[in-house]
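Chain naming follows the written order as A, B, C and D, and within any one chain the residues start at number 1.
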Amino acid sequence: MTSPLPIKFYQTGTFTVGNRLLDVSVRSVQSDSQRNNSLNSGHRACQGCGEALGARYALDAAMRAVNGRLVVANATGCLEVFSTPYPESSWRVAWLHSLFANAAAVGTGMAAAMKVKGRTDVRVIAQGGDGGTVDIGFACLSGMFERNDDVLYICYDNEAYMNTGVQRSSATPAGARTATTPAVGEAPGNVMNQGKNVPLIAMAHFIPYVATASVADLRDLETKVDKAMRVHGARYLHVHVPCPLGWGCDTGDTIKVARLAAESGLYPIFEAEYGEITGRRMIRKRVPVDEYLKLQSRFSHLFKTTEGRARVAQIQAIADRNIARFGLVPEGAPA
Amino acid sequence: MLKQCEGSQAVAEAVALCRPEVICAYPITPQTHIVEGLASLVKSGALSPCEYINVESEFAAMSVAIGASAAGARAYTATASQGILYMAEAVYNASGLGLPIVMTVGNRSIGAPINIWNDHTDSMALRDAGWIQLFAESNQEAVDLHIQAFKLAEELSMPVMVCMDGFILTHAYERVDVPTQEQVDAFLPRYVPRQSVDPDDPVTIGAMVGPEAFMEVRYLAHAKQMEALELIPQMAEEFRRVFGRSSGGLVRPYRCEDAETIVCALGSVNGTIQDVVDEMREAGVKIGSVSLCSFRPFPSAALGKVLGHASRVITIEKSLSVGIGGNVSHNLRMSLPGRDTKVYTVIAGLGGRAVTKASLRRTFEAAIRGTLDPLSFMDLNVKAVERQLEREKAARRTGPAAEAILRDLGPTVGASASTTTHGPAAGAAH
Amino acid sequence: MNKPFAITLDIGTSLVNKTGTWRTERPVYVDRLPPCNNACPAGENIQQWLFHAEEGNYEAAWREIMKNNPLPAVMGRVCYHPCEDCCNRAKLDSAVGIHAVERFLGDLAIAQGWNVKAEKPSTGKRVLVVGAGPSGLACAYHLALLGHSVTVHEAGPAPGGMMRFGIPKYRLPREVLDAEVKRIADLGVTFCYNRKVEDLDALMKAERYDAVFLAVGAHLAKRAYIPAGDASKIMDALQLLRGVEAGEQPMLGRRVLVYGGGNTAMDVARSAKRLGAAEAIVVYRRTREKMPAHDFEVQEAMDEGVMFKWLTTITAEKDGEFTVEKMRLDEKGKPQPTGEFETMKADSCVLALGQDVDMSFLKQVKGLTVTDGVVEVGPDMMTGCKGVFAGGDMVPAERTVTVAVGHGKKAARYIDGYLRGATYQAPPKHEVASFDLLNTWYYSDAPATVQPALDAARRTESFDEVVGGLDQSNALFEARRCLSCGNCFECDNCFGVCPDNAVIKLGPGKRFKFNYDYCKGCGMCSTECPCGAIRMEPENI
Amino acid sequence: MSIGGFVEGRWAQAIPSFGSERMGAPVVAFCRLHDREIRAREPVTAPDAVVIQDPTLLHQIKVFDGLSPTGYVVINSGRSADELGIGELVKSLPAGHVLTVPATEIALRHVGRPVPNAVLLAALCALTGELKLESVEAAIRHKFKGDVGERNVAAAREAHAMCARGTAAKGAVTHAQAV
């Protein structure tokens, strides 16, 4: 497995998308004016859509990694709906939408077809939102993993069913308000549970590659897509993509919110090979979860009552546990 | 090559001769032997190149087939009963996307109560899914229909379901002529997809279509099925030329020329019906039967021609449209516009209840006498039903009906033994 | 491919859907004024030259400096760099070492022999510059670039003014100064040394100058009256520094008092150590916090063993004993006598109490007004006398080399306008790119590069330069620490983060533009712009 | 049996009806032999012969329902019909139409496992003369390859030799039911 050369950012000044100071060969795909724009302008995603951005990031990176030899299966969901309302398509890749729950299986089918046709250069990505992945599509996903089918599955996690109007999914975080977990009653918002951690479940299938990524760290995301496309077999990439509408954050704050999720430890970014964690993205500037939560109205009820504050403390405990578990801050760093 | 073998094995061999490139398999009785047979053929290298994928559900089976077909591979799967319902939305999706997948349905009932035996409830549940539905009368026809199905599907870019009665055909050892690879190759060309997911010519497949075009899309699906009405007989004819026997087609009339009474049915029960027709003809009754090979598209015109002169039509139906009666008869009435032909709907053989010659003959004779109800249930244990209805009238908490009826029927060794030993004894035409 | 109706679509066709109509706010690219540029008395476009330096394009960086300042190597050493005091990076880790990069560039230019050429054809206009100090040099340089014929009259024997006679060598090696002055001379500027102007009016008429720039330095030391038994034990700072410059060895003795708290006092105290004094004690009437000398100069002096006596004034001297009075600060921070006295033994005392300008040569100039020892000038640097401009120490302003250089440039622009019969219009100043407008997440953690320095023990042995320069690699690193506040540095963030691909990348050096056909106005580009170069403006609907 | 019929150029139909029953549970299967195509797919309700693989079923279900008055019965047992308590049945059928064979015992001896099927098939054919022993052997070899097939064939031969008494008339439809 080849891994892209690490770049010492302090020598180049910035973590930005482009960075004119880097050699062209190590610049990000997104900085390339000739990038594929796999999800083209004119799509009907909301302003500041993290999923639209994440999908373009990931697919552009994949297109570069496989030299354009890519086919994509897409689950039903926001991403599918806003990109392909008849008569216009925003996709600039060979793309197929079948159903909500079956993207992984459709991916399997496409991979099988390519293999049987001897077109081993053509690679397959299946993708969907969190609903289509961790909930309704979970069986197909697990099946694809278990068979080690040659598919990279990408989940764009915006932590609820946004397409249908922000209902809870099993990726919805503790305490969050959604249309089906309203902020009323004695236990407002979502249950205070950990939720379903599909990356860890994916690892339990001992597949070649599992990673989490975020729109807040493009370079990390692109590196992971590139890495994933250099491996065969079942691979899983979970990308955190804030939804300004569903999360109640400013449309301009999408990346900022994603960044705070990672920097607070609530969204651990790591990678694993064959079931073992092999890398983690260290937190650069650790922040309390409040900083993350306060930007989003889905958590606003937590800051209005003492009980709410207690819930925030529980959420902080989740973040702390992530940090400890994944080793997201250097040992000996102040908590 | 002629051989005596299990229907499932014959179908597996026939499917293999069609050179499917991706096979999705999930076990469900009674289609399991088909995919088991194919597994051996793929594993042994006899069928190559072919990707055989053991999926985790029927839903995945159809979904993998969708992906494979959309990516340009000839895709096949088999299912039955609960399985076809579990994959239902994918079944609709495959036809919506115009993917020429071929699927065997080993027809079986749908629970609850859970029941593994044959009827047509499963296929009927998906009759509006946009698939072509062909019903095999015998294992020979099952073999032949699969070969035609691939050609038909690919010609039309539309999926085809080959329905064969569970156990009665799938598990039956019969004489079957399995064609040679050369014959099949001569009949079935290489699959050239109408459209595919291909980086060399990228398109967006599966767009979201709003009110402005959805009707048209559905209409076009219908128009394609109407096209199939032309194509199916042509294909049967072509098949006859290549393989030297007739199989398939839209309808297969038997001794209908001068028949006043015509019995219409789907699948393997037609053989039993033909035996009864022969018996009654010998007794001087002007009776014939017609096997509906194609249920979707429904061959209204062809059927209308066959039924033209009959004064009564009896449909023997292995599915019940609960709340109204027969699926076949309601479709069939469309073939008889403006005629005062009497149509009798006979629900028979649900959940594996044996459809016997004796019961059929009694039923036909009752119809000819004019004593048959427009909707009747062959060999229904009327007493058991009435007792349960009374119980329900008397008390609110009566418990599960199925168990109560089983209790009424008395001690049995097992479900299988009970159906075979007690079956024909239970009740007369209602 | 024969595509099924409606279900299958051609790729990329959503371009017909102009989502720009969704917008209620539109992003616009702006150039905000970086705090460093804003603070630079010389008006250097620091962010811009750092931009070139970051790429390793040192010559372009140097040329960018030269647009505003002809003395980069000098300024990189002697400027008190107010730019760094307000550098936004200081709020992250530490300020960008702008002066160090500037010095590196200046030194590199000298080493490489980079030169400048006049930008405009000769105008035939003659301008007299009085004084070859920093403002005179700067003005002469800019005027020469603009095509004018410039003659500099300098009273001293060599160019540089206070840079030569006020700043010790250990801070500014003379070969550096000479090299940068030579470059100005090479532009065709005529230098006349030892030519003190006595009667400006007469000179202008005699030599037919079309305009004049007065840039005489403050060379008259301010004296405090200290009754002294031996007057020779008390000297002024300029006297001392000038003597050192001339190679003299002033007799200071073992223990030297330096009276004053400015940068000159530091220079003197440190020079005294180098001249052999065992003890140099700075006597200042207020506290360290109130000291006008720059912190780093005080620190360097302390490192070298200079001692300090705060809240003290010198009142008298007798037989090597200096009487000093303790002071206290009143509520306004002003020193007030306490009436408590003590004595300090010292071999000499150097007064570093500030300087005045000798204005005697201006007596004949009509319309020119002198108030509080400085010449009054308008915003165009012109005195009350038409065609006579002034700058540097002569005019009301902070007296630093950098301010002087800025005056020279500014005056040159107005003189040029004056000579061409037009009025120079300074471009409007942009809004300052304050820290809150930045998204500093994107800047990698990179503490400032420490310039190499001589060991404190070795420093006082000679007048060798104390602070070393950066080398190529650390100059590059330091330049790359620049946040480019308020100015696009083509980081591609806007291009990358737009979920609607509504940013068009125009290519290296050409920046970006918005494609308002598709921009939905989410504002992500603005939030994620590291340097605050995108502003969201309400859309007129 | 149906394969044996096919080997002899006849039409045959075998329909197992065990559905979801587990190994060892009582099950039913049918077989038809004919000289022309068999179209009917109803279960065999009036068998010409009944083969009972497990004599414990004799008194649990009505295994002889519908049996032709001239039908045949083969029972897997080392005991006599009287000992099995079906003396009345024996009397209602033509003499010699009821046969008990220790099929499991024979199978154990030859095959090493309690698989009486081949033995009972051979016994039925010997009793009825419906199929030639060679056809039975061919069918067994078709289903069981190699050594297992040969052992079954040996078991079948022993059973056939033991009960050879061809008496059934050929040409008629033979319906067999195995319980």
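Rule of thumb we're sticking to: contacts are C-beta pairs under 8 Å (C-beta built on N, C-alpha and C of every residue); 3 or more make two chains touch, one makes a residue touch a chain.
Not measured: the values here are computed from a predicted model.
Asker: Please work out which of A-C and B-C is bridged by more C-beta pairs in contact, and write that pair.
Answerer: Greater number of contacting C-beta pairs: A-C.
Asker: Measuring between Cα centroids, what's the chain most distant from chain C?
Answerer: D
Asker: In whole angstrom, how far does the Cα centroid of chain C sit from the Cα centroid of chain D?
Answerer: 113
Asker: Chain A to chain C: how many Å between their CA centres?
Answerer: Roughly 49 Å separates the two chain centres.
Asker: I'd like the Å distance between the centres of chain B and chain C, where a centre is the mean of that chain's Cα atoms.
Answerer: For chain B versus chain C, the centre distance works out to 92 Å.
Asker: Using mean C-alpha positions as chain centres, tell me how far chain A is from chain B in Å, no decimals.
Answerer: It comes to 44 Å between the two C-alpha centres.
Asker: Where in chain C do residues touch two or more other chains at once?
Answerer: Expected reply: 6, 9-11.
Asker: For chain D, what residues touch not just one other chain but two or more?
Answerer: There are none in chain D.
Asker: Hey, what residues on chain B touch two or more of the other chains?
Answerer: Touching at least two other chains: 97, 201-207, 209, 213.
Asker: Chains as vertices, touching pairs as edges: which of line, ring, star, complete or other describes this one?
Answerer: Looks like something else, not a line, ring, star or complete graph.
Asker: Chain A touches which residues of chain B in the complex?
Answerer: Contact set of chain B toward chain A: 21-22, 24, 49-51, 53-57, 59-60, 62-73, 75, 89-90, 93, 97, 197-199, 201-210, 212-213.
Asker: Residue numbers of chain C touching chain B in their complex, please.
Answerer: 1-11
Asker: Contact residues on chain D for chain B in the complex?
Answerer: Going through chain D, the ones touching chain B are 2-3, 5-7, 11-21, 25-28, 38-43, 45, 57, 60-62, 65.
Asker: Touching chain B in the complex: which residues of chain A?
Answerer: Where chain A meets chain B, its residues are 68-74, 80-81, 84-87, 89, 91-99, 101-102, 105-118, 122, 139-140, 142-143, 146-147, 149.
Asker: Okay, in this complex, where on chain B does chain D touch?
Answerer: 2-4, 29, 116-117, 138, 165, 167-169, 171-175, 268-272, 274-275, 352, 354-357, 412-417, 419-421, 423-424
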